[in-house]
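For clarity, chains are labelled A, B, C and D in written order, and residue numbers in each chain start from 1.
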Amino acid sequence: MRAAPTMAPDDLGRRVLAHLRPGRDGWLTTSLTIVLVAVALGVSALLLTLTGASPSASLSAIWTGSLANTTGWTTTLLNAAPLLLVAVGAAICASAGTFNIGQEGQVLIGGLFGAWVGLRLALPGPMLVVVVMAAAAVGGGLWAALSALMYRFRGVNVVVSTLLMTFLAIQLVTFAVSTPWLQESAQGSSGIADAQSNPLPADALLGGLGQYPSMQLNAGLFLALVAAVGVALVLSRSRWGFRVRMVGLNPLTAKHTGVRVAALGGFTLALSGAFAGLAGGLLLASPVSPNRLQAGLSDNVGWDGLLVALVARNRPLIAIPVSFGFAVLRAGGDFLSATGVPYYLVDIVKALLVLAFVAPPLLVGLLRGRRGATPPTPFPLPAVPTKMKAAV
Amino acid sequence: MSVLDNTTTILASGVRLTVPLAFAACGEYLAQRAGAMNISVEAMMLGAAFTSIATASATGSATTGLAVGVVTGLVIGFVHGNLSHRAQINTFVVGLVLNALVLGLTSYLITTQQFASHQVGVLSIPLLKDIPLIGQALFSGRWPAYLLILLVPLTWWLVDRSRWGLELRAVGENPQAADVTGIKVGVRRRQALLWCGALAGLGGAYLAVGEVGSFNQNMTAGRGYIVIAAVIFGAWRLGRTLLGCLVFGLSDAMRLALPALGVTLNAQLLVAAPYLLALLAMLLFATQHREPAALGRPFQRGST
Amino acid sequence: MTPTTSAVPILELRGITKSYGSVTACDAVDLRVEAGEIHGLLGENGAGKSSLMKVLLGLVRRDTGTVLVRGEEVALDSPQEAAELGIGMVHQHFSLINGLTVWENVALGDTGKVNKQAVCDGIAEVSARYGLPVDPEARVDALSAGERQRVEVVKCLRRDPQILILDEPTSVLTQAESQELFAVLDRVVANEGRAVILISHKLAEIAQATDRVTVLRKGRVAFRAVTSDTTPQLLARQMVGREVSLGEEGAALGLLPVQQTRAGHDGAHDRQQAVLRLAGLTVVQGGVEVLGSVDLTVGAGEIVGLYGVEGNGQSILGDVLAGLVAPTEGTIEVAGNRVDVTRPGALSKAGLGIVPEDRHHSGVVLDMSVAENLTMKSLDEVSGRFLLRRRATLARARRLADEFNIVTPSLDAPVRSLSGGNQQRVVLARELSGDTRVLVAAQPTHGLDVGAIEDMYARLRRAADEGVGVLLISTELEEVMALASWIAVISSGRISGALPVSEATPERLGMLVGGEAA
Amino acid sequence: ADNAATAPKATPGASGGSDSGSGSGLKGPDVNGDGKVVIGVLSPGDINDRGYYQSFVDSADAFAKEKGWTVVKRGSVPPSDALTAARALCQQQVDLVALGASELKTAIPASEEPVCAKSAWYVPMQGNIDQTPRIVLSTDDPNQSMLVAGYATGLKMKAAGHTKAGFITGLKADFSVAASTAFLAGIREVVPKATLTTTYTGDFNDSAKAKEATQAQLSQGVKVIYPYLGGATDASANLANAGGALTLTPGTDRCDSNSPKFDISVMFSPGDYFRAALEEFARHNLKMGTTRVWQLGVDPYPTVKICDGQGDEDQQLAEFIKKIGSKEIDPAAEVKRLG
């Protein structure tokens, strides 16, 4: 028997740090980030002032809502888990060179499958929650797999199909919750059912520690963190991950060395859908949520999760802090809008801050490019898979 | 009413629903031919819808509103172009952020103001408008709709006949090669986005000051994405793209008119029809669906 | 043809320096080109030839130095500016755009209105004047390599450039096509007083086609002379900076007449010990038979050359043997066992290694490390059931890197950062590692410099000596003659004949290439 | 408005009866005792729609202004976000959490959580909500108002000799289907052979589509159009005006409006109920754990008003309303019979 591979921790640590340590242009980037964030905050402050709100109070509301106390922390972590799951999924298929932008739909379909199973299957105790989460993952996975199949057999561009499938998913779920498929049962003769499912039975909910509003941690966060670390390890350390990366970087060479390129590429796309679906299951089965399927279940988690992955440049470990940052904005934003600031403003602030964080490395590159050096590495948009020659 | 009358009504309604899509689709088509997968059309349309009504309300002139709507689209196209084809920020990030930003801004601004209703005038063409079946649909619209007669051929000419368009197509197919030929890839893509912004802005403004006469929150309701679906449905050809818009417009018109004709149907799934049709078109006509080879890919000099 | 040395050269570069980050591609380069001459530019891979030309074309901005065109200093900030000054270039890597037609490609880079008729007329005129037939209506993706090259040249000439730059134009051309091209170039300079800068690795071409020559080494001008005053040996020495054994290796550089090769291998053609047997291999793509019933046998320890002009099915055969394309019909046997080619990686598991024609395309993963590239085919040896073992990976990579003299800053460096020659060594090392019984080398020396070619030949020979059967797919006649003991000729996707090298003459092979029996 | 008579009443359809009165007792304005009164409003819709959703915040604003209270409001809250939004409100130390419509009922569990321990809860209901001791429910029977809206429409149609009416709404959902059914039943009380065309545009805010649906109905000779919509209401009503069709309001009194012009105001707006609840709240009289049922014909709201009643239309309508109030007419049965 072979000895277990020594996972030299120092080595791993070094690599993680290498990602985090400011590089050649690090300090410039950092200072530019600070400047841009300040600008974004300045613009936001201006808008806030125009609405008659106080910028400092708003900032402190964001702080209060997201980090200042255990309730804030709980809310932030609750928001972070599904974002992280989506981002990790996006990172997997990006590593294989496929660009999935349909997470919003995959999250919803995950929720649809999870709700269906959770409401129709009478399973005892904790079995049910496992089955619900599995069904959610399968749902999201299948939805993404449709795109993979369309690419495989008809060469349909994955970006395009995942985008279109998102809108199909939204309509499908809207339809499902307003028809006998999943609409809540109306009580009595004049009781009118809303366009949502019944709440899941208590058995179908994820277990957690603590009770909101004190610190409440549930299995979702654990799941997401394990997924992030696990996927990071699998991608960088495992044979499978090695093959995935090969497919992403040069599918022909990968094929030559014996990788089933088409199958693996399609599988990673499905897998990324499965992670998004799992996020949908999480939104559905989180102990601190309505536990119903609704058309708005995904609540931009898919889009935001995709942004997390893009900002983290598709590295699962980096996605942990980034998803946390997004979660702070989501949680703080919710709180801010509860102070009377229009929620739209919160959206605007979020959008400006995303730009402020994403732009600097590229702007630095642009500045360097002006001075004649190697142009910046473009934002890591994995190649949109084109029809790969005759070879695949 | 006779079948003929009903058909006339549905056709007219379909054309009205098509026009804003068609404007924006011309723009998106051109942008995608340049390789710029622009998902901020929604932002362009919505932003323009808002500013056009705001301007019309302030100046009392719907036409001025329309013009300001076009400018709004241009500004959004300018921002998108510079962020994603100069600063090289991932174009999808930019698109998502811009869509959120504009939805947020317009939704917020509408809470601060009440706007009076304004609409541009109808221009009926004598004689032609009396042609049975299509006369009403095609020859008695709001006047800016006739701009399509100008803009569609212009877009076609720009893409297929002008030097600028030749360079655009080169940029959309193979930016590296275009670059060594001396074409400024980023510049062309940014220009394409400006054109897209202007036309999407026109579409959005037309929706507001042409069709509806007022603005309400998120009034474009995803038309930007339908426009993208139309370009895909149209296999990156202008004629088919516009056909796609017409199909989507007409199917909506049918959906909205059939209940009045006594046909009951559940409309919910039909809302998804454009996306489904676009997917089906890609699946069924896969071989003819040749997207611009560099669609959605950033260009970086020196990378291959 | 003698260069007219006028007081004012048509082009003069003074002290051009260009660095990419820490790499100095051009270091104070001076270059003088006269009207009416073909000026050869030589240098190893990465010597800075392309970079210098890109500066000249306004594609990259020089750090320092001046450019004078007809005695006047020019800025050269954009390709348009260069075009206005009459500088045109045929790029090393094709710059045609697949989705467009020939005439549209030709019209690209012009200014003013697009006038199809005028463009087509221009094409027709240039075609007629220089004997370069092209179909303006054809879509570029339907053209062969040679036709594309022709389109590139036409495109460039139609602009009526005073200075025409060709960056390795012949690397994809057959000898006959190259000759045609040189004839065109002669006409260009002789009758019309233009200047041509010709970049090539093939010394024979330089010797034949150019009037004067400049050699770059590591970004600096190492040598300049009137071509007729030099010898290929001298040029080779200047390029590499040391003595080169211009034996058979020179053949690939087009230096020497074909020699009859070493005995030893000749005739030692042991058909009993076939390690690779292709039988009835047929590939049909898009209704066209691109490979027709190919039968070929390679014995252990022998080098079989598959010679033919580009575009006759070699690429597709290479793809089949790399496992990228499944044959429509036919069988492949490696070391006596029939291989199920539909299973990914089956060929390489069976002991077939391949150095593909385009290493960037299917040979290496540019953004993975040297170590990863070296071990990607033998993951079993460097990993447990699930996880990779880094130490084993590095150890194996270290061994191969040492054995194959791979020069790399570190085993963790991405292959992208290696020079072309070293990238090729990485591929070779990986493909020869493990239990390799057959090595397929497709155009193994394409784009390599003299030193690298020398090394490649030695390694192929050594592999054969160690009992590996080598199938050398090449478009270079001299290369095949120098290395192989048997030569099979491929023409229009079929093997038109095979003969031992002792019986092979350029004439006979030429007839086979033409599809005639010899 | 003193409607205490009907106050503690079992939730229609709520199983197992209600625990009315067993709740946490009377709640006064400064529930949390921090010296100020803050009302927090969550609305699922656009709070600037000049209609249904806006009316809710408008009443809150107006009432708060009178009393010197503060209102914190958030519109367009998706049901999936209601719970979080409600929690965030509670953290702001609001004294009363008010939901703008029953779609946001997913927020109710927050009322049981410690964050919201010091807040009163006001929840409008359309069935399907269980009474808990920590919330006050407010409900009406949509059958009543829609039946009467239909009746008023019927009167107008009969006078003009019309038989075709139209109903335009967004999504096809239980509530919109029920509303159109009851509306038709009401029309048929007066014009037995009347027909109703119901069009679902797919989006309550897509004005262009609402207009096209309106246009399609007009061209089929529909003479009454009920734009049962959100942001798209005005666009549809304007076109109906131009087409000479009668129009009704979806919830608020807009008889004063000129552009668009409405002929019948159907008033079941949550704002009116809410105002009444706020008055009780101000009087320390809002009792958690109870359900306030709003009866047409008994309470001032819901009700229906014909904007310019001709002849005895107003009187006939008043009589009909009265009959419903006195239970002489059972709306549910009527809807079943005629819808």
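Methods note: a residue touches a chain if its C-beta (ideal position, glycine included) is under 8 Å from a C-beta of that chain, and two chains touch if they have at least 3 such contacts.
In this text, all values refer to a predicted model and were calculated from it rather than measured experimentally.
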Sort out for me whether A-C or A-D is joined by the greater number of C-beta contact pairs.
A-D
Separation of the C-alpha centres, chain B versus chain D, in whole Å, is 37
Chain A to chain C: how many Å between their CA centres?
45
Distance from the CA centroid of chain C to that of chain D, rounded to the nearest Å?
78
Chain A: which residues touch two or more other chains?
174, 178, 342, 374
Touching two or more other chains - residue numbers and ranges from chain D
76, 171-172
Shared interface positions of chain C, touching two or more other chains:
none
For this structure, enumerate the chain pairs that meet the touch criterion.
A-B, A-C, A-D, B-C, B-D
Where on chain D does chain A make contact in their complex?
12-15, 40, 71-85, 87-89, 91-92, 102-103, 105-106, 109, 113-115, 126-128, 141-143, 171-175, 178, 332
Please output the residues of chain A touching chain D within their complex, sorted ascending.
64-65, 71, 75, 174, 178, 183-184, 186-196, 211-214, 283, 288-290, 292, 294, 296-299, 334-335, 337-340, 342-343
For a test of understanding, state which residues of chain C touch chain A in their complex under the given definition.
20-21, 60-61, 63, 285, 319, 322-325, 344-346, 348-349, 354, 356, 361-368, 372, 376-377, 379, 383-384, 386-391
Per the touch rule, the chain B residues reaching chain D in their complex are 1, 5-6, 9-10, 13, 16-17, 20, 107, 110-111, 117, 207, 211-214, 216-219, 221, 252-253, 255-257, 259-262, 266-268, 270-271
Under the touch definition given earlier, write down the residues of chain B that touch chain A in their complex.
37, 39, 83, 86-94, 96-98, 100-101, 103-105, 107-108, 111-112, 222, 225, 228-229, 232, 268-269, 271-272, 275-276, 278-279, 282-283, 286, 289, 291, 293, 295-303
